[in-house]
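A, B, C and D label the chains in the order they appear, each numbered from 1.
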Amino acid sequence: MYPPVYYSEYLQLDKILDAQQPKSELYNVKANDEMLFIVIHQTYELWFKQILFEVELVRQIFCQEDIDDNKADLSNAVHRLHRVTQILEILVGQITILETMTPLDFLDFRDFLRPASGFQSIQFKILEAALGLRYQDRFGHHYYLSQLSQTDIDRVKEAETKVSLLELLNQWLERMPFLQNSKFWNTNSEALQQVQTHPFWQQYRQTYINGLLPSERNNQQGFDLLLWNDEQYPETRRLSPKANRHALFIMLYRDCPLLHAPYQLLNTLLDIDDLLAQWRYRHINMVGRMIGKRIGTGGSTGADYLQSAAQSHYIFKELAELTSYLVQRNHLPTLSSELQRALGYVQW
Amino acid sequence: MYPPVYYSEYLQLDKILDAQQPKSELYNVKANDEMLFIVIHQTYELWFKQILFEVELVRQIFCQEDIDDNKADLSNAVHRLHRVTQILEILVGQITILETMTPLDFLDFRDFLRPASGFQSIQFKILEAALGLRYQDRFGHHYYLSQLSQTDIDRVKEAETKVSLLELLNQWLERMPFLQNSKFWNTNSEALQQVQTHPFWQQYRQTYINGLLPSERNNQQGFDLLLWNDEQYPETRRLSPKANRHALFIMLYRDCPLLHAPYQLLNTLLDIDDLLAQWRYRHINMVGRMIGKRIGTGGSTGADYLQSAAQSHYIFKELAELTSYLVQRNHLPTLSSELQRALGYVQW
Amino acid sequence: MYPPVYYSEYLQLDKILDAQQPKSELYNVKANDEMLFIVIHQTYELWFKQILFEVELVRQIFCQEDIDDNKADLSNAVHRLHRVTQILEILVGQITILETMTPLDFLDFRDFLRPASGFQSIQFKILEAALGLRYQDRFGHHYYLSQLSQTDIDRVKEAETKVSLLELLNQWLERMPFLQNSKFWNTNSEALQQVQTHPFWQQYRQTYINGLLPSERNNQQGFDLLLWNDEQYPETRRLSPKANRHALFIMLYRDCPLLHAPYQLLNTLLDIDDLLAQWRYRHINMVGRMIGKRIGTGGSTGADYLQSAAQSHYIFKELAELTSYLVQRNHLPTLSSELQRALGYVQW
Amino acid sequence: MYPPVYYSEYLQLDKILDAQQPKSELYNVKANDEMLFIVIHQTYELWFKQILFEVELVRQIFCQEDIDDNKADLSNAVHRLHRVTQILEILVGQITILETMTPLDFLDFRDFLRPASGFQSIQFKILEAALGLRYQDRFGHHYYLSQLSQTDIDRVKEAETKVSLLELLNQWLERMPFLQNSKFWNTNSEALQQVQTHPFWQQYRQTYINGLLPSERNNQQGFDLLLWNDEQYPETRRLSPKANRHALFIMLYRDCPLLHAPYQLLNTLLDIDDLLAQWRYRHINMVGRMIGKRIGTGGSTGADYLQSAAQSHYIFKELAELTSYLVQRNHLPTLSSELQRALGYVQW
């Protein structure tokens, strides 16, 4: 058997519970809410560590040469990302606890903390990078580095060099095996002209266009830009046209067994974006109520930064946009029986 | 005794549970999620009715000539508004249920609903008006009327003529009785010159300015604009400078017994704004995921409208801004013992 | 196109919002919280209607001769039951709103409601029956009928005659197709001796026994009773030994593609039980705080009833018990490659 | 100015984020969910530290000779206890995250942890003691010590020697100043005969008895036992009859300004009990689903212990019981104008 384990040692509570040193105590000022301020940030950082741990496991799954659905690779990824959403729900909800600290209570110790700031949460920046936020897409990116120690800058920069979940997603979507290898819509590579001449996509595009209301006519342009005219595809986008098509296909035919987990994957990534946005948004409102239009302890006008970040840091927004290009289920092109079979369970 | 009551009759379940008629059923199309769509909107409307009921009771309290703290008027108002926050929390959380309907599921019956739209929720518009949103402050205000029946337009317009909670709040703040009647800072009316010559506000302003960091110097302008220079006060604002000062005073001296309930009142109003914003924001994200960049069933680009409404429909934002003008508790001017007494419980 | 639809007509708000008639108003007594009492119960009933609607769709899926995994039957069932859990989460959370009504507020109108009572919620009783709660398993079952009108008794009794989700689950588990038809562990029927002589179950049972700690030895008896000795199987149980084994198998090999949805199904049913229990439990505490040890408006000691119901109305508890008979993943018997193939996606 | 502060140093993240050492890693076994298991328990312990911190501040308030309502003592206590409820809400909600770990996932590393167990959370035991749970009232109290190190036993025992919040509450209720010093119902001490001969309580008791339904007649006995017959008062109870009466008085006349905070105090204590119960209850269900009827890692049948604790560890249940002895607001005895004045704000 294994050596006996004791709860407090296993959890290293000697470290965990000895890591709260209020500055107000140091300066002998009464500020009873600083303990809360420290503890809640520590729980945030613990949870960020856990989220990073899960995201790293998911990245490993998608870094494999062969992502094997029969080995539950995808459903494991979905499971881990779903857990991340559950954690994020708590992180959002937790803000309510911090809101029990009033602006006046915060002023009691706020001056002691300068120039520390939540911007300096390296784990959060690493998480954003791991998911797919690039340096150049960060709002006010020059700015944020100025607040970090060199070690921390190096850590974020290193994280930014690793292949992100968004990139891995794009790769995985591009090589969807059953579409690649089956004789469904291409034998070799799915080259540009094949899309526009391929019966499935021809039929799909026509169905889509027919279903548009007069007031929605513009949507056709979007469709063609993102799914049809690979040559004029905007370079700034992170998902390729091929990945777009495959993601759309997953959304449309999610009822086929092989597409259950892929659909859940896409959906869970959107959930994560949504929850990160909620987190930033509630954070904005909380900071706004706490410090009004004052500048943050870190020297920024906190609320403005968060507002902009909340709007620009959606990582999987290109997935979300595809929703505009769905057609009604009862107008969906019927799949060939061969493809249906390929997307199903073994029949006995 | 009273005549016996039966659960289903008391709740009029014959009406409540017989009010779901899916259009898809009418058109003989299978769309199993339309029932959810109907039911969740009905629960929203039931809760809106309840919120309106509570807000109306609060307005009645504030419409009294004499708001009597000794008769629990204020704490009743706080209690009812606190209940509104609890309801709004559920309304926000409930969106999760609707998110179990996928975009493809929605497309199954979406066409049957045109041009109906959530914009047509009259109760919600009436609620916004009752709280204090004016016609001219509504985002895209001409637009929204075009979707409503004349009866409904009349109902909203009538609601807009009634004195709003925001206006009542302003009136109540202006006439804060202990400040009015005590000899604290004015014997008669608090005329302009009195503010600038009054020892308390002079001292407070100086303390505030002294506490500003170099980078925060601009805040002095805001202070003077909102709290000091009554003559140059922006006409567009809803709270008067006097109301601003009194609200700030409440925030600063909330520990005095007489200010407990007033402070909770201000805080709860900010909670309501915050929750309405959360509701709109999650609503935006949900609609965005549901219909992408398509136009809403009502003909608008739903997401854009909601985005703008979320940013512009904060009703009590002028209260929130006052946070910028707090000073640290240990720098607060000491109140005269006379005023302290007036703000306290009877001593025996 | 379809005839235009108007929000308030579509939702039949004329009925929905005209169904609140406080008794206190009738008797001209001021009781401002009765409106909340009515509205919250109406939202509960609306949600119960929706839950029943979803459960009915799930029953239809399981009533089919051929539950076809390739047609997403199972994943649809999981999807609908997952939605039920989301609704139940809100129903649990909503209790917080009712808790803003204090005991004294409730006393203002409580006498007017006798003998009405939440026990008379027919939809909730029908839901319990639809899931699998039998008349004889209801706590105090004679009692509850005495409070209902004959029409309502008939409705519950009719619901109790229909095949319940628990029974359908048992049937589905028994006939798990791949185990039935493949040559895996039985060619014909899985008769008693086959279990005890079957290599897989022999190996599994031995592994299980080997893994027990000295203090857990008793568990072997449970294992044999529920999974091994079909002849001495307790008649009172709702799942057959065969269903037990198949459910356990699903839990163990949930990573095989064909078992993803079955595993989620079992898990979601446990979630539902869990949430119903939470609902009853929070309900108990709320009623306890509201009326103390008084008897409920319906004449019962509400808290006692709910306490007992909370303990005895777990519908899927036999599934939950199977957890005791899992073995560690790294000790799991390896499945034959034939069976692995049968449980997987098509390979190309 | 103060020396500059850096986020990660302020939060001592070097300690916090370096305190996760999975045993499975040590033994080179793959068990990816052990990290979650460690992290979630660490966040629980951080929050327990915060709760203890708040409860300690509240105890200090109540340990003062003179609890001064004019100095916001009571409203501060309420504020801190309200924060505790917000934290507990998150602790309850967080269980959802742990539920993403399936029984099979837990088995991957469960054996490595023996005999560690959640029973060994000293902070939680100290919290229970600080609130008022006595050694003799703990379910299975001999038992629990057997699992603890001597140091930890000493810590719990020391916590049990300190005066608990429940005892402080009793003392505070007994000496309610306005009742004590005003001429309301006693000039000196409130001796036994004074209760039974005092006009207020005589009238109140009669009103209460008159309001009982025939089926509620038994309640009179309870009333007399807890509020009327001080000589036969059960010794086992923690609140004295005098404290009971004063608590009831607070509940009845909570609308008087001086009783706002006292009422909120009582209510918040009941919220805490309620949330601790929810926490234990969801914990039970979670453990039950995780390990079934197996014994916990600590050697107990976890579910049984928690079930009993959930039922017996209500600390403020004597407060909750008083609800049975309320009368309708419109039957309440009118307070003398002298007492009303004493319970009000200063009038000017």
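Going forward, a contact is a pair of C-beta atoms (placed from the backbone, for glycine too) under 8 Å apart; a residue touches a chain by one contact, two chains touch by 3 or more.
Model, not experiment: these values are computed from the prediction.
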From the options A-C, A-D or C-D, the pair that copies B-D, where over half of the contact pairs coincide: A-C
Chain pair, B-C or A-B, that carries the greater number of C-beta contacts: B-C
Rounded Å distance between chain B and chain C, as computed from the means of their C-alpha atoms: 39
Rounded Å distance between chain A and chain B, as computed from the means of their C-alpha atoms: 32
Residues of chain A engaged with two or more neighbouring chains: 111
Chain D partner contacts - residues on chain C that touch it in the complex: 29, 102-104, 107-108, 111, 213, 215-216, 219, 222, 251-252, 254, 267, 270, 274, 277-278, 281-282, 285, 288-295, 299, 320-330
Chain A-touching residues of chain C, taken from the complex the two chains share: 69-72, 75-76, 177-178, 181-182, 255-258, 260-261, 340-342, 344-348
Of chain C, residues touching chain B in the complex: 1-2, 4-8, 10-13, 15-21, 23, 27, 32, 35-36, 38-43, 45-47, 49-50, 53, 57, 79, 82-83, 86-87, 89-90, 93-94, 96-97, 100, 111-123, 149, 152
